[in-house]
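Going in written order, the chains are labelled A, B and C, and every chain counts its residues from 1.
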Amino acid sequence: MTETTANGQPYLRIEGLWKAFGDFLALKDISLDIHDGEFVCFLGPSGCGKTTLLRAIAGLDLQTKGQVTQAKKDISDLPPSARDFGIVFQSYALFPNLTIKKNIAFGLENTGRSKPEVEARVTELLDLVGLPDQGAKYPAQLSGGQQQRIALARAIATNPGLLLLDEPLSALDAKVRVHLRHEIKELQRKLGVTTVMVTHDQEEALSMADRIVVMNHGVIEQVGSPTDVYREPATLFVADFIGEMNQIPATAGASGRVTVGTSEMICKPHDFGNNAPVIAAIRPEDVIPHGDGARSPGGEDVIATPENAFEVTVDEMEFLGSFWRCRLASERFGEEELIADFSINAVRRLELATNKTMIIELPEDRLMVFAPEDAR
Amino acid sequence: MTDATALPDGPVIKGRLSRDDVIMRLGMVVIAIYLVATMVLPLWAMLSKSFSTFKFDLSGYEIQVSDEAGSFEGTILTPAELNAELGVLELGDLDAGSDSRMGLTQFFPDFSFRSPVMYRVRNTTDAGRFLVGSELKTGTEWIELDSNTFRRVQMRPVKSTGLGNFVSYFSTPALFNSIKNSLMIAVISTVITVTLAFWFAYALNRSCMRFKGAFRLVAMAPILVPSLLPGIALVYLFGNQGMIKELLFGASIYGPIGIVIGSVFFTFPHAFIIISTALAISDARLYEAAVSLRSTPWRTFWTVTIPGARYGLISAAFVVFNLVITDFGLPKVIGGQFNVLAVDIYKQVIGQQNFEMGAVVSVVLVVPAILAFAIDRLVQSKQVALLSARSVPYQPTTNRKADNIFLGYCVLVAVFIVGMLAVCQFAALIKFWPYDLSFSLKNYEFDRMDGGGWGSYFNSIKLALLTAVIGTCVIFFGAYLVEKSNGFKTGRAIFQMFAMLPMAIPGMVLGLAYIFFFNNPANPLNFIYGTMAILVICTVTHFYTVSHLTAVTALKQMDREFESVSASLKQPTMKLFSRVTVPVCMPAILDISIYLFVNAMTTVSAVVFLYSPKTTLASIAVLNMDDAGDIAPAAAMGMMIFYTNAAARIIHLILSKGVLTRTQAWRTR
Amino acid sequence: MKLTKTWAAPLFASVLAATAAQAETELTVYTAIEAEDLARYAETFNAHHPDIKVNWVRDSTGVVTAKLLAERDNPQADVVWGLAATSLLLLKSEGMLEPYAPAGVEMLDPKFVDAGDTPTWVGMDAWVASVCYNTIEAEKAGLTPPTSWKDLTNEMYKGHVIMPNPNSSGTGFLDVSSWLQMFGEEGGWEYMDALHENIARYTHSGSKPCKLAAAGEIPIGVSFAFRGAKSKADGAPLEIIVPSEGVGWDMEATAIVAGTDDLEAAQKLVDFTVTKEAMEMYNSGYAVVAMPGVAKPVKFFPEGLLDAMIANDFEFAANNRASILEEWQKRYDGKSEPKG
């Protein structure tokens, strides 16, 4: 888990971190390295401990046990004011009675900067966040998105080594959110500031982060790049939490083999023993449709792994704009239905409709096997 | 990935404190110490006083008796031995008050003051005391007396500890009857006030009648006067020379009737505010549902209106109950021979110098007060839950007939309130009621009366200003510390408890506790006794809770993360406090100061034990002038308090508006 | 530090100079004298001693006594000027008074001086019980004027009499103690039992019953002669009645509180209180003063009052005060208001 970047030393190192609230353990033995200039997202459902971890890094709620090192300095027991970070909260926490300019200048005062210097820096920051004309207004006079940018400007005003974002976008409506995602990412890249963002929104994490830390019940489930965690989820929880995933109770065979319903299929290698109860999983978009016209004209419809191909009946079809979501029933699965996303082209060419039968294939390199959740 | 489920052993991380943390904790400790010194310790002193008793110690004296020729043969007798022999006194007869005395001759059945027999008396210990006539004798020297003088020897009791005071309290009907009286008065006043205030609030919230603003203003007027003032008005209205005494059909206003009418007057605004708030938040959707279900208005009233306002009603009831049962001024003025607990404390302490019994009555009075307070807190916490529901405000619709009935009712209540005040003002300007009805300003020559004259009035203003300024600073800062500091959970919980306590402590009790605590020469804080400082401290403490709650409510509405942001920007918390917290909370801060000002002007109960010749107060002057029979000047001074408070309110309004436009510009989009 | 000294020194000096120029001493004087007389007394005293400022603490007799007793370990008063002798005896028995024989004490009637070797208190004037009777209200109620204490127990007066509560009022206590002395212990309580039936209520202060009678709140107020005369002078339709059995009285007296910060000034004040000029000052309200031959008749004062004064046993009053008050409270306090 401890990768190193070019300069060899992680910027922020978390080792053996625990946090207890009475008997409840909110963080259990968390260790994590974050590198200089990296954008890391803590992703997980509410109550998973991601905000607790962020607040421990900031020193706002001290961990019960464990060490936090920032820029080679042990900061484990320092109060927030002795640490080096800027923070943006979900509520923005802008001072309502101060103008935008004064809000941004708040942290610049008493730092040895002269008044004109402060003034210049504030103007620079307003430009940076794209709100050069709003300085004289009060926070309540700005829109939510604008307020968020001001909060960001205030947090980076003093050039902190670490930028912490606590669900910064969740109070905004969907359109603004998507727009701001890019802006924040852009700004972070420009400034090169190491950034940790807490979010429960997987799309946000996938689109913004260099690395995602997926958390659940106070432990880290997986750390990896967005494609890693999406393509190669380490656990069923990660597989389920990020994106869509079909989950079918099955029985493990030898490595690379799994029995679903009545037939054995070929899957990704695994080390479950024979006959171990497992969950076979595949993402809806990975299901391959077969049949006349399944490939573009001239293409050949080849079944790569016959063991993994079988006949299904289309039970239900739902049009979701860029693709069709189909519920497929099969004798093999009994009551369970398989969800598959087919492109609009494929549906047209195969002339799919409810109650039609078709052949599908579950590609062996996309068919994964996990331990059932409750077995953990 | 370790799948650990238990904390490893080893030390827990203890955060280093930032300078701000240290400052905040120090501040909290300072204010907590303040609350301990100004409330907890005095109350403790009072409690221990209630267990401090006096007893005659019969073995504390020795007596020799001579023969007829006057020569002593040396036998030493003690009253204890003599009593064991003669059985003159039983054990209970030895219980005493601080001021009791007991003769010695009763132990000598054949005593005659004409006899030539001589006596020698002495204390057995240095602590012993006895009197010869009025001469105090201490020490263990023998004192020789002839028979005629021996007759004048009186033993003095010594201090001891026990439940004796409580036993004697509950065996004196004159005293414990007051419990029944107090409860009765409080319950009756509560029922009447809450009923009247409910319909008044109902009319203002649920009808379309006119002059709502004026009625609201009138309803609040009684808050601006001391609770004694309605008593004085009642004397002029229903006393033996009263203007409309016929309305009582021969019953006397001096007693429960007077107390109840006066209590309704001075508790009305308190009940009105609470019930009005409760009615204002009721949900219009429920009424729409009722209409669509074709419920009759009567049924709607009982199934929607009353349940919706029930927490307000209960809360109002307990607040009124508490105000009435702890009030001292009104029963003092109009109560006649009808004894209530609060007046008993005054009578025991001021009239009879019986501080121990005063402490006992205080303990008795605290019990219902704390109970009422506790229930009120419980109910209020539920009310909050109700408030947070997403509701639509109710919009009344015009109903001419009902509106007119409500208008008529409100006019009656307003006439009652305004009438009481007008009567006082009228009486103050009359030369000599009822024999000389010409107008004169004679009653404003306060310097010729008891109570400290015009000086008292200016003292009161000084007290009110000091209380408002100092109290607001201490209370708001204390609330900030407790609300916004990190960690230190136990400390904050204890602080919170201290801050809630004053509301449950009746003013009389607090004042008496202050005597016990601060008038003790061994107390290093003794020097503030008899100064303006002790009045300010006492008043701030007395009215701490409501102000604290106002401050906490305002602070809770501030974003919780301001402190975090400020710390991350490496700015001192005090900068945040002065630049952001104080300006944003300015409306609440102004509310606290006017609350403290008005109450400092009108309070009687706590300060009545604490004022000194240099710090006489207007409200106390009202009491003292009434006591001396100068009722018209008392009314005049009471109205001065009213006008001052009204002026303060107006200034507060103007100030708030000015401050609001300056500091709250951000509120307007 | 240096800076502080440089400005503090002249400031301190000027403060000293200011106090020296005025040379003012302040005395805290506890008193139960009628409020309207306070200024006059202080002015007369200051004519002789402009350097001593009198800070009055005025309250009813019971309250002042209570205050003094409460402060017994930490006295706030320097001098008591104008408090009932009964109360001063009580203070003396607590060892709270500083014995002092003021210059000219030998000019006073010995009855008016404490009996110790060095007196602890000296009397000023006598203050005598009387009944204030509002003629207008009495006529309205169809009453005839009472002539004796016993008359007041007549059923006719039911609900028409107010008297002070002896627990808080010196006047009330001297009434009670005089009845116990005149009628005997048993007879006294019997009398009060009967009187209680007619009492409308008991007031906190001794002057209030007369003021209430003057204002017509009640036809009959048991109070003291001085107050009655004052109200009559103010134009109240009052008659001041001296009950035929005799009337209780008490002295107003002066004493120095032991442990005063300024004994010298206190002694100057007490010296003044026994001068002829002071006696004349008291005489404007009180018909009997401590110095024989000074008193002139007081306007509106009832005739025959001096002869009616009983031989008061102050020691009896002081030493039995606690038990009398306890008994009184048991019998009459806290009963619901008599119906009338």
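Heads up, the rule we're going with is that contacts are C-beta pairs under 8 Å (C-beta built on N, C-alpha and C of every residue); 3 or more make two chains touch, one makes a residue touch a chain.
Remember, it's a predicted structure, so these values are computed and weren't measured experimentally.
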Name the graph shape formed by the protein chains and their touching pairs; answer line, ring, star, complete or other.
-> line
What is the chain whose Cα centre is as far as it gets from that of chain A?
-> C
So how far apart, in whole Å, are chain A and chain B when each is placed at the average of its C-alpha atoms?
-> 60
Separation of the C-alpha centres, chain A versus chain C, in whole Å, is 90
Rounded to the nearest whole Å, what is the centre-to-centre distance of chain B and chain C, using the mean of the C-alpha atoms as each centre?
-> 31
Per the touch rule above, chain B residues touching chain C in the complex are 97-101, 131, 133-136, 138, 152, 154, 172-175, 177-178, 235, 239-241, 252, 254-255, 332, 336-339, 347, 349-353, 355, 432-436, 447-451, 515, 519-521, 526, 529-530, 612-614, 624, 627-631
Of all residues in chain A, which touch chain B in the complex?
-> 16, 18, 20, 25, 28-29, 58-60, 62-66, 76-83, 85-87, 89, 91, 93, 95-98, 106-107, 109-111, 138-141, 154-155, 157-158, 160, 219-220, 376
For the chain C and chain B complex, residues of the former touching the latter | 28, 35-36, 39, 55-60, 62-63, 65-66, 69-71, 73-74, 76, 89-90, 92-95, 115-116, 136-137, 165, 167-168, 200-205, 207-212, 214-218, 234-237, 315, 318-319, 321-323, 325-326, 329-330, 333-338, 340
Flag every residue of chain B that touches chain A in the complex, lowest number first.
-> 1-5, 7-8, 10, 12-21, 486, 559, 561-562, 564-571, 575, 579-580, 583-584, 663-667, 669
